[in-house]
């Protein structure tokens, strides 16, 4: 598998769900992903990559999960299990600290935030595909959370929609090593053209 | 053309862009649609239909255009003419009166507001289709603005996506009689199963 | 409105529905569009543009309506008026001459034919968007039939999906001058960045 | 997790890729899935469920992978790894036995075959969502191949699009027990409301 050749015109960084609830001490989900995230230094790596992308003037996009608001889901006839869980936990509750982006990852002017997604894919029922096309982007470097749900779904959708995808294996995390392995070693290799480590992608971005 | 048979389970009202900028005295676009809107009593009719739907406990959905925010469009490589115009005029500017929904049309609890759309179709790059499906809806009664742009595009998309559409001819308006005629008499009849007057749709809804 | 700057990498020609039923003497719909099509020499112009695109090695895509097959629509609960008409007339019947592409427009090897569409937009429920992205295309030059239905819906969808669109005004046709006018002068100018004549687009393509 | 309540009006069976290349002795992929498929009697179960659905007059839909045709992929600028593999192997080659549906699974009149998909999801770039909506379907019972690619992607897309999904665990198969486990036990439980065994789903269908 030859790595994609990135370019400032065609390549963007996609940051998935850098909410406090996921990646900050005290977040609602942090305790469930801490073991994996600390072992692979996920948050530090995400930040290194974001900073490298900003320095290289690569376009940066954000795919964010629906922040829970009162009334959400209440009238739905059909609801997926992962949505039931989000409803129960009020994950990323709007107006709370947990539903805010961890400070180092707050989008800067000129960076693009897609509409919030209701399930796992950053593309489903959002303007992410539109906004990527409006900027001429065809290649995505994907970092963020959680590997086997939002990251994998976003990668599967990206491939189905025609994008060339790179996933950074130590800039994501999961509930267990088994779930990480399933996402990164069994499934995503079918859809992502490259699965790199942070130092590799930072080197590639910095060389642009 | 036999009219659709509506039901509380399958039918929803879809209100398109009831912003002050469109339908309130002093709105940025009001002067351009006033002639048609006053001649057919568009706003009063929209309100009659909304009230009838609420009384009948029909589901109500809102499709809203992107409210202009600083930074919008600035980085886009590709932009459609109608988006250039929205950018120039700052239509529905976020945080201003023009970008607020006209008070009588403000969504009530239990009514569903789809993500904002960037162009004309309430379905494109939004969660409108998802939210309709989550509620089991297959039939749409469409009212709002503007006939030959947002209304027609939303109707075309609705038909393409499999919905059965009714448009209310005196609960929409346009820049000119010619544009209204093109939308209501030439184009929409291909995609909407019924094009009714307010009194007809109010009667049908009230009989549920 | 400045014209788009075309390029071999980013621009493709999109040919819509060049079926015998539409544009050949004896086709099921030909008699209804003949007056407009003969007045503006639609078919000759379509061919000139296709040939210019082929000479310039521009990518050529085809958006084709569902060719009627026995069983189509029979089990559907919901059907749009334009689909009822297609069902009744068995337009573009599969296996018949009317459902064949007019010989001069038959795709050549390396040209891309999208999956058939069920209503009017070449993008809806097909792989057209995917196949354009797989080839890196962002700009479309649109020719073919019928102006106020398939052409306009395809243009509206293209703009919603982020493409930059050019329509060629004398390489399309319609049932009436009024319907042509509605499509080309009232509606499409909102979504297409340029509306050119055949000689203009042929000159632009030939200069690549 | 309470099981969905199925109904003839709202529920359909979705059969994924019952091609000879997958599930018939001598098929190009059969040897790779044989171990799992024989251990759980996948093919016999798929047939039991299809027959039960036919007897109960449940709607049956088919999601089929692109059958390889000469020229496919050759001009693409961007291609996912799973598509490269399909290209290399000429999986489901059009016009060959491997690209035919295994005889017991050939669609009957009134059963609906969606347009072929290019990657893994039966929904992506096809008319599957449209055809389900045209029939009023909101619940899917999913069987077929391969668990961690086409089945899982189709289930993820179905959930994102708003459908309520049931997967039948012994009516699918995979390259390894590990891949089956990742699909059925780690990932799909987030998106499918129920994961049943064949005898359970046959009982539920037969009770309709």
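We just call them A, B, C and D in the order they show up, numbering each chain from 1.
Throughout what follows, a contact is a pair of C-beta atoms (placed from the backbone, for glycine too) under 8 Å apart; a residue touches a chain by one contact, two chains touch by 3 or more.
Everything quoted here is computed from the prediction, not taken from an experiment.
Enquirer: Upon optimal superposition of chain C on chain D over Cα atoms, what rotation angle is obtained, reported to the nearest 5 degrees?
Expert: 180
Enquirer: Report which interface contains more C-beta contacts, comparing B-C against A-B.
Expert: B-C
Enquirer: Please identify which of B-C, C-D or B-D repeats the interface of A-D; the criterion is that more than half of the contact pairs agree.
Expert: Comparing residue numbers across B-C, C-D or B-D, the repeat of A-D turns out to be B-C.
Enquirer: Express in whole angstrom the distance between the two chain centres, defined as the mean CA positions of chain A and chain B.
Expert: A distance of 33 Å separates the two centres.
Enquirer: Using the average of all C-alpha atoms in each chain as its centre, how far is it in Å between chain A and chain C?
Expert: Each chain's C-alpha centroid was found; their separation is 38 Å.
Enquirer: Approximately how many whole Å separate the CA-defined centres of chain B and chain C?
Expert: Chain centres of chain B and chain C, defined by C-alpha means, are spaced 28 Å apart.
Enquirer: In chain A, what residues contact two or more other chains?
Expert: Counting only residues that touch two or more other chains, chain A contributes 77-78, 118, 124-125, 129-130, 133-134, 136, 138, 160-163.
Enquirer: Residues of chain C touching chain D in their complex?
Expert: Listed in rising order, the residues are 59, 71, 74-79, 109-110, 112, 115-116, 118, 124-127, 129-130, 133-136.
Enquirer: Using the touch rule from the top, collect the residues of chain C that touch chain B in their complex.
Expert: 1, 77-78, 80-82, 118-121, 124-125, 138-139, 148-149, 152-153, 156-157, 159-165, 178-179, 182, 186-187, 189-193
Enquirer: Quick one: in the complex, what on chain B touches chain D?
Expert: Per the touch definition, chain B meets chain D at residues 129-130, 133-134, 136, 138, 160-163.
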